[in-house]
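Labels run A, B and C following the written order; every chain starts at residue 1.
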Amino acid sequence: MNPLKTFTTVTILLLTASGAAHAGTTLDAIKKNGFIKCGVSDGLPGFSFAEKGNYNGIDVDVCRAVAAAVFGDPTKIKFTPLTAKERLTALQSGEIDVLSRNTTWTSSRDSAQGLNFTGVTYYDGQGFLVNKKLGIKSAKQLDGATVCVQAGTTTELNLSDYFRTNKMKLTPITYDKSDESAKSLEAGRCDVLTSDQSQLYAQRIKLAKPDEYIVLPEVISKEPLGPVVRHGDDDWFDIVKWTLFVMVNAEELGVNSKNVEEMKKSTNPDVKRLLGVEGDKGKDFGLANDWMAVVIKQVGNYGEIFERNVGQGSPLKIQRGLNALWNQGGLQYAPPVR
Amino acid sequence: MPEPRVPHSNLPPPTSTTGVVGWLRRSLFSSPLNAVLTLLAVYLLYVTLPPLLRWAFLDAAWSGEDREACRSGGACWVFIRVHLDQFLYGFYPDEQRWRVNAAVLLLILGAAPLFVRTVSSKFKVRLGLGLLIAYPLVAFVLLKGGMIGLPVVDTSQWGGLLLTLVIAGVGMTAALPLGVLLALGRRSRMPAIQTLCVTFIEFWRGVPLITVLFMSSVMLPLFLPAGMNFDKLLRALIGVTLFQGAYMAEVVRGGLQAIPKGQFEAAAALGLGYWKTMGLIVLPQALKLVIPGIVNTFIALFKDTSLVLIIGLFDLMNIVHNATTNPAWLGFSTEGYVFAATVYWLFCFSMSRYSQNLEKHLYTGHKR
Amino acid sequence: MAEHAPAPVKPPFWNDPWIRAILFQAIALVVTIAFGLYIFDNTQANLRRLGIASGFDFLSSPSGFDIIQSLIPYSATSSYGRVFWVALLNTLLVSALGIVLATLLGFVIGIARLSKNWLISRLALVYIETFRNIPLLLQIFFWYFAVLRAMPAPRQSLNLGDMVFLNIRGLYLPAPEFQTGFGWVLAAFGITVVLTVLLARWARRRQRATGRQFPIFSIALALLLGLPLLTFWLAGSPLVWQIPELQGFNFRGGWVIIPEMASLLLALTIYTATFIAEIVRAGIQAVSHGQTEASLSLGLTSSLTLRLIILPQALRVIIPPLTNQYLNLTKNSSLAAAIGYPDLVSAFAGTVLNQTGQAIECIAITMAVYLTISLLISLMMNWYNRRVALVER
């Protein structure tokens, strides 16, 4: 069987000619390719949104930060827009190296689907977006409503659970693309749009008359969103995980993209370690010694990317809320660089 | 002496059977039922056509830069004008678009002699085969770049009509040879080959294209060894080609079946082997017989390219659909779809017309 | 001493066509099997390496999501296996309705295309050339996103006699509710059908034997309508209509045709009808004109000519490509995935695949279903072809 197998492998390799990547570790393959393949959303303002081929958003910046960590250059990246349906298989199959596409961390994804979540970029929860004209104040009043929801998401499951536990009648309409849900809400095909709250804010600014719609106060689920990598490649997992932690630590220590050079002179040992002035924390990851400083300098700390993409510096104007640092009443907490 | 009877010169036919009146009577009012149908049809046209024309032309907005220009109540063609570049090239970088134009121009120039009657058919065949082999390579280098000093434009940036044409073009050039091989296999006398080909053909013909595309996008990666990866576009192309190849095989098989046995026997008597018999005697006749079927398959393939929307490729269909969800331009779906429909229609209709002409031109039998 | 002719030189074995054929087939088989094993092996390795679950156990676990339209009882607590049946039935429903409507429209247009009336035949031509050359998916989008989105909100529904309501959420129809005693009506209907069949047989036999005709059509119609209606009245009208009512957000009660299904059905019907029309036209034209002339000279009226002479011969030409179109329509119904109608591809190969992550199993099941449908139809087709094949001398 073995020579035959080699024969067929060779034939197929010859036949395909294109895109056959190196089969070693993910990091080796990335370094060989010269760029990171990052899966993002197919259009969600604030998280990942393409304008004339340029991607912007918090999920996009996470990928940029990883590229900065590996190559020292946040542009060495190839974005692949994915629907909710495609995203997990795209990662499993190696079409992308990291999935940063507002994906909820759940037990079955961590186990049966062969994925590793590297952390939480955004603590979210599912909510409802309705037209003000309906005069609804609470999700409990939604009995009999027609609800638009994105197919193949945890949202779809939470929705059914919520209506069932509250003994309400539900008519769900499922679309593959979030744009189609928004369009349907606007046209009146459905009464309510349900999604993670962050997405609801993002969808709302895409509507023709955003002011006519409100997000209901109920949050019906926990949706920790974060970047995902494949099972079985721990080094790569560590890099993506710690890129995120570096950004959170930077905010906590008051280091941002503007003051990073000055801060290198800081006497604070935590800052010194973070910026690679002291110790050799980079080598342990197989990266340049100052990679953390490069990430901060070129992409920014967590607070910066939050405010720039979804916070006060953006049309979405989302409050920090759960996503504030742990010492400011939020949940964002990163292990120390030590 | 009685006058010889001079026959009266022929009278003209009654006015009611000639000219406009005669035509009207014959073709519109030949019976009461026909008269009623005619009146109904005229009423239908009266109800639909004027508002349609008013919407599409008279009241339509042609100039302007944003939706403010579209308040006339007619069609908002501004929407199309503003997005036209995107519809044609997708996300292909602005400054590199000349490469797309060059590729198209090259194809038109290269293929033009094929459509001129006076050019000798021998030259046509050579040119055709040459184009078939060389053009895809040239076009690929031009579009993708990375060689001869052209910057790389990744296939994820290809879109719009460009992508539709790429998928259709590659599908057509790859599906025809695959179809011929499969058809030959199906007509083969070797049971194993025959079974393999029949299974292959019936499998692809039995499932919808959309499941094939799903398979190519979510299953194919799992079939390959770790680390080996196809471009998303290439995967869609493989799916489309295998699918249409099976349909093509059935069309070609129809032609093969129509070739009389005497042709095979004559070829064998001349001492020709299998491939020579097929290549020189049978296939030229068989393929000529089924040109309409082949073109029909091409038309089907062209329309089917729109399905790549479902796996997230930005072909013409998807890019138009996407533009209609643009918040700045909400409410112009109809204009977008009408534009896309017109483009698809032009391509498909001209292909079917061309095949009808060709059929007439190649007809060498006797017409009763 | 007899001279022997030199023994004929045996050609080398690789030039023996028989051996060549065997060798060639063996290579083809080995390559195919090796390729199959290679894929299987890779898949196994990939699944193991990535830690993705496999097998069909997931079919019995609860799905956890709702589906907008289902013909059998279904809720979020039902299993993924149940989702499969719901989705399959939705596919079959929309295909069956599409087949009926497309056949009707296709025959009308096909006959109109041959009409002596210039205007009618031109209109039919324009219809065919327009809709045949536009991708089906585009037509579905057009109906769904451009036309049906222009319907009014539930509160401003178009109201037909307080029974039927049309709005952006769908077409609401009164639903029949069967009371006890409706069984009698059904039984009466069954009995009438049997009676009618027997009567028709008797009438045909009598006509063959004696030439006397029997007005079978009108009597059968009277029987089929009369007897069940009579029973219905005798049983005390055991049927009430449940009328849709506006409650809260939506209409409740009655039957609803959701816009997802309506637009899919519209597009499938209009698109497939163009192909059927062309098939019908070709079929009728394939019957030689001499047949019509002969029949007219025998004194048959033109409607009898159409019914007894042309149609039976045309149908032989029409039916095989027609079944092909039915098959295409069924496969094309999978485009439902683009607008969220919960058919097999959308609900099963889409949502279930996503919730479980078991791509291979879900796609394999889906493909197997479509393959089964097309094989069944092909078998039926072959049987029909054998039955109607011309018996030649």
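Just so we're on the same page, a residue touches a chain if its C-beta (ideal position, glycine included) is under 8 Å from a C-beta of that chain, and two chains touch if they have at least 3 such contacts.
Everything numeric here is computed off the predicted structure, so don't read it as measured data.
If each chain is drawn as a node and touching chains are joined, the picture has every node linked to every other.
Greatest centre-to-centre distance from chain C is found for A, with centres as Cα means. The distance from the centre of chain A to the centre of chain B, each centre being the mean of the chain's C-alpha atoms, comes to 41 Å.
One simple way to say how far apart two chains are is to compare their mean CA positions; for chain B and chain C this gives 26 Å.
Remark: chain A and chain C have CA centroids separated by 43 Å (rounded to whole angstrom). Residue positions 9, 12, 89, 92-93, 176, 180, 183 of chain A are each in touch with at least two other chains. Contacts with at least two other chains are made by residues 46, 49, 145, 149, 337-338, 353, 359 of chain C. Shared interface positions of chain B, i.e. residues touching 2 or more other chains, are given as 218, 222, 224-226, 310.
On the chain B side of its complex with chain A, the touching residues are 91, 93, 154, 156-157, 217-218, 220-222, 224-232, 234, 310-312, 322, 325, 327, 330-331. Those residues of chain A lying in contact with chain B across their complex are 9, 12-13, 16, 18-24, 29, 42-43, 50, 52-53, 78-83, 86, 89-90, 92-95, 176, 179-180, 182-183, 186, 205-208.
Touching chain C in their complex are the following residues of chain A: 1, 4-5, 7-9, 12, 84-85, 88-89, 92-93, 108-109, 111-114, 134, 142-146, 151-153, 156-157, 159-161, 163-164, 170-176, 180, 183, 187-189, 191, 230-232.
Chain B meets chain C in the complex at residues 26-28, 30, 34, 37-38, 41-42, 44-45, 189-193, 196, 202-203, 205-211, 214-215, 218-219, 222-226, 299, 303-307, 309-310, 317, 321, 324, 333-334, 337, 340-341, 344-345, 348-349, 352. Interface residues of chain C, counted against chain B in their complex, comprise 21, 24-26, 28-29, 32, 39, 42-43, 45-47, 49, 115-120, 123, 129-130, 132-139, 141-142, 145-146, 149, 331-332, 334-335, 337-338, 345, 349, 353, 359-360, 363, 366-367, 370-371, 373-375.
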